[in-house]
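Across the two complexes that follow, chain A remains constant while its partner is chain B and subsequently chain C.
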Partner chain A sequence: MAERVLTIEGLRVSFDTYAGEVQAVRGVTLHVDEGEVLAIVGESGCGKSVTAQTIMKLNPMPPARIVDGSINLAGHDIVKASDKEMQKIRGNEVAMIFQDPMTCMNPTTQVGKQIVESLKLHKHLSGAEAKAEAIRCLEQVRIPNPEERAKQYPHEFSGGMRQRAMIAMALSCNPKLLIADEPTTALDVTIQAQIMELLAELKDKINTAIILITHDLGVVAGIADRVAVMYAGKVVETGTTDEIFYEHKHPYTEALLHSLPSTDQGKREPLMSIPGTPPDLLAPPKGCGFAARCRHCMQICKEEQPPEFELSAGHKASCWLLHPDCPSAEERGAK
Partner chain B sequence: MARYVIKRLVYAVLTLFVLITLVFFMMRMLPGDPFLGEKAISPTALANMNAKYGLDKPVFIQYLMYMGNCLTGDLGMSITYNRPVMEIVSESFLVSADLGIRALIFATIAGILLGAVAAIKRGTVWDSLSMFIAMIGVSVPSFILGAVLQYFLGLQLRKVLGMNIFPIQGWGTFKHTLLPAFALGLGSLATVSRLMRTSMLDVLSSDYIKTARSKGLSQSQILWRHALRNAVMPVVTIMGPTVASVLTGTFVIESIFNIPGLGKYFVTSIKDLDYTMIGGTVVFYGALLIVCTLVVDLLYGLIDPRVKLED
Partner chain C sequence: MTNEVLVQAQDLCKYFKIGGGRMLHAVEGVNLEIHRGETLGLVGESGCGKSTLGRTLMGIYKPTKGKLLYDGKEVDLSKKKERFAFAKKAQIIFQDPYASLDPRMTVGSIIAEGMEIHGMYDEKRRRERVAELLDIVGLNREHANRFPHEFSGGQRQRIGIARALAIEPEFIVCDEPISALDVSIQAQVINLLHELQEKMGLTYLFIAHDLNIVKYISDRIAVMYLGSVVELAASDELYANTLHPYSKALLSAVPIPDPHKEAQKQRQIIDGDVPSPINKPKGCAFSSRCPLACDKCREAAPQLREAAPGHYVACHLV
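Now for the complex of A and B:
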């Protein structure tokens, strides 16, 4: 049985703004096991990144605030951890790579030095040891001529190379969990594939768990073991990748998958899209967050939040349609 | 790099040439002549004087002669002081440079610190305090500031304490440099601190600071290793103009604090229509500014690896 790396329970995160309290994350429960890839998917503004950054307490607090819930990362209670404790955890137990590799590295520091910095901090290596280790890290992410590359500055790297260097930096201290926040969004398609392949390969090699945040379902299909679909600050459906792709039960998951362009689609057929926008989290809806855009919406959806239904071990979805008393499609007069 | 420096030096010589030419002909367009103020000089004496300084020849010939002398580094004899201009300039510039460098160091270091603190403690009392100081620095001219300092820290404080901590005029000891350097530097300090605050805020919200945080660095490590160097970049860019404004600021400050610097000669030579002295001081300041700007540009290339000094 693989060791559990991360457990999040009932996490609620709010931002205090002038306009009021924005409830960005409204009760998220997740877990990730050793060597596993969990993909968190959803539209922009559904709370994916906030959830991920809260695991590392990277979002500035205030304005952000953990309202409720618990985060257990490799035995550390993150919610209670002090700044000092967080500094020991960040980079060591959990590392992160970001969306835009062009702006994520310090432009005035050599790439090698930026990796050495982590190694010295967490592994307490000497200068020479850390340097050798940094070069090994760069080699591991298949950067050619790592010795010379280590002495170069970020602007001398291409976008793909920078993301590789970021991965090298993140994995340098063998973290138990790697959070990849849309790691390929800013890269072109061929580079995307290379980066995802690299991540998959490194994960097996050093047995790191990965949380992959993305809205690219193609990327998910290639690498993820399990998927959590987020909408309006909640996980609406979670299950194995196969369950999410082929046996999804939540209308939002269904709509997301239908929005993917497919090869057998006719040339003149318009792309499917989900009409409307996600709800305003300043004043979250009383009922299901997706009700206003859902084509199966019933009276109860607008009035009460749907409970979570367990469909099989590990496959869960929150939708009133799954309630045993729910009328069938014909009875509801569905289109 | 070498090519870049050579190119800049060629430009510098060209700039100086244009500067000398302009100044030479503008001086001659001024009404009057250097000997006008002296009381009744006999026509023979005047002719002799004119001959001595070459003022009897046609203006264009004088220009060619002056330019020729400049090329050999000879700026001529001062008409008022009857000493070589070069000698006066090198003597008095040491004093001006001393004052200017003190003011510059004060303005840069205090300005960077003030701006950085304001950005890090954004929205707190420290931020407001720093920006209040900056506002005063920007809006109060140095001659008013100088006079106010002289009055309160010089005269009044001496009355209260019975000893002279801040001398209000003269030159020679460290004490004498305090008030003029502060008055001279505060304006630049204000500019530097405001720029530093903006740039620091920018850097602190950048992605690579988030990366640094995600590595587990402490706040102070992030500031010293990652934020400061990047934030200081725009400040380096304005160092050229800052040096210029501090140097030209010395003209006023030197006369308020009665400091025997070059600024004093610069002002009086124009009043006296001392042609050679005007030319000499202008050429000297011009050359100095050109060199300062060049040094700053080269420095920029050293601090920011992305800046390539080519063509």
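Now for the complex of A and C:
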């Protein structure tokens, strides 16, 4: 049985703004095991990045505020951890790769030095040891001529190379959890394929748990073991990758998958689009967040939030349609 | 779709001066025909010159070399009058719906501006047209008095489409119109573009890097690499019978949103990055990354030729 690395329960995160309280995350429950890739998918503004940042406490507080819930990362209580404790946890237990590798590196410091920095701090290595280790890290992510490259500055690296260096940096201290926030969105498809291949290979090699945040369902299909679909600050459905792609039960998951053209889809057959836009999280809807755009919407959806229904071990969805008393499609006068 | 050629590029080149007497060869000797009423997809990685080609084809950039023909006649962009007349026929939808709308103009005046410039209709009729256009793209008539910041990304893209349609063009360059949008909103915009094409008989040049979307929307697809078209074919043909090694790598790199298919797929990973368009490799531009490259490829650049009916490819080895 693989060790549980991360457990999040009932997490609620809000941002206090002049306009009011933005409820970015409204009750998220998740877990990740060792050596597993959990993909969090959803549209922009659904709270997937805020959830990830909260695990590392990267969002400035205030304005961000953890309203409720608990985060347990490898035995550490993140919600209660002080700034000092967080400094030890970041890099050592959990590391993050960002979307844009250029803005996440120090442009005035050599790439090798940036890796050495964290190795000295967390692993207490001497200068020479850290340097050798940094070069080994760069080699591991298949950067050619690592000795030479370590002495270069980030601007001398190409986009894909920078993302590799970011991964090397993130993995340098062997974190238990790696959070990849849209790691390939800024890259071209051929480079994206290189990076995804690298991540898959590293996952097998070092047994790190990975949380992959993305909106690209193709990337998810290729690498994820489990998927959590988020909408309007909540996880609406979670299950194994196969369950989500082939046996999804939530109307949002279904709509999301069908709004992509499949490879064998007939031409000029309109795509199934989701009408409208996601709700404003300044004033989240009373009932189900998706009710206003859902084609199966019932009266109860607008009034009460759906509970989570367990469909099989690990496959859960929050939708009133799954309630045992829910009338069938015919009875509802299916649209 | 007819076989009547609407837009034609003959040996089209676009170079940019970048200081120090050096030139950036963004588009290099492109020969392309776009048929009336079709959607031609243009794919390639960033920096391959697809946007530059799109902009050159609709007259935003003046070609450095080569000819641009519209409806069989050459368009001379150095003549102001001709440029003006051409602008009436060719329009563009930009990628970033945030940067492409003037934040200080109301939506109504953004859409009406083109009609004013081209002296179309009187003031009253223009206002009616704005309302009609807003209806067509799925916005409310009342939105004409609002400002762009009040709209979401998808809605702004609809405003951009309404603006492009306002002067009743025949040819629209869609420069990555959906890549800044969320998946569920992308489908809305794609469906809208489809509908408009059917209703108004528009011709699209659809630039994108999302190959699944391009395949879905295009009749024919052109693949670009480092300023040149390397393969051009009907979209089904291109996917079923890919000839150029770069197209093969590009298509195999696209993740499929289906775990079973994804697991079965043989992925061909090409190493390295796209070379700089300032110092292009001699010979075939792809030779530095091509797994099949031989001496001939490094010496002479291959020309685009017809390998099968309607299927063009630029490679020595095909």
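The rule is short, and it goes like this: the second predicted complex is superposed on the first by the 332 of 335 C-alpha atoms of A that agree within 3 Å, B and C clash if a C-alpha of one lies under 4 Å from a C-alpha of the other, contacts with A are read in each partner's own complex, and residues count from 1 in each chain.
Definition applied: contacts are C-beta pairs under 8 Å (C-beta built on N, C-alpha and C of every residue); 3 or more make two chains touch, one makes a residue touch a chain.
In this text the structure is predicted, and so the values were computed from the model without any measurement.
Judged by the touch definition given at the top, the superposed model places A:C326 against neither chain B nor chain C. When the two complexes are overlaid on their common chain A, residue A:H122 makes contact with chain B while staying clear of chain C. Residue contacts after overlaying the shared chain place A:T109 against chain B, while chain C stays out of touching range. In the superposed model, A:A255 makes contact with chain C only, not with chain B. In the superposition on chain A, A:A132 makes contact with neither chain B nor chain C.
In the superposition on chain A, contact of A:M298 is made with neither chain B nor chain C. Counted by residues of chain A touched, the larger count belongs to C, out of chain B and chain C.
When the two complexes are laid over each other on chain A, chain A has no residue in contact with both chain B and chain C. Considering their complex, residues 56, 58, 83, 86-92, 95-96, 98, 100, 103-109, 117-118, 121-122, 153, 155, 166, 169-170 of chain A touch chain B.
Contact residues on chain A toward chain C in their complex (touch as defined above): 43-44, 158-161, 188-194, 196-197, 215-222, 241-242, 245, 255-257, 259-263, 265, 267-268, 270-275, 277. Against chain A, in their complex, chain C makes its touches with residues 45-46, 152, 154-155, 182-188, 190-191, 194, 209, 211-213, 215-216, 239, 249-250, 252-262, 267, 269-271, 273-274. On the side of chain B, the complex with chain A involves touching residues 206-208, 210-219, 225-226, 229-230, 303-306.
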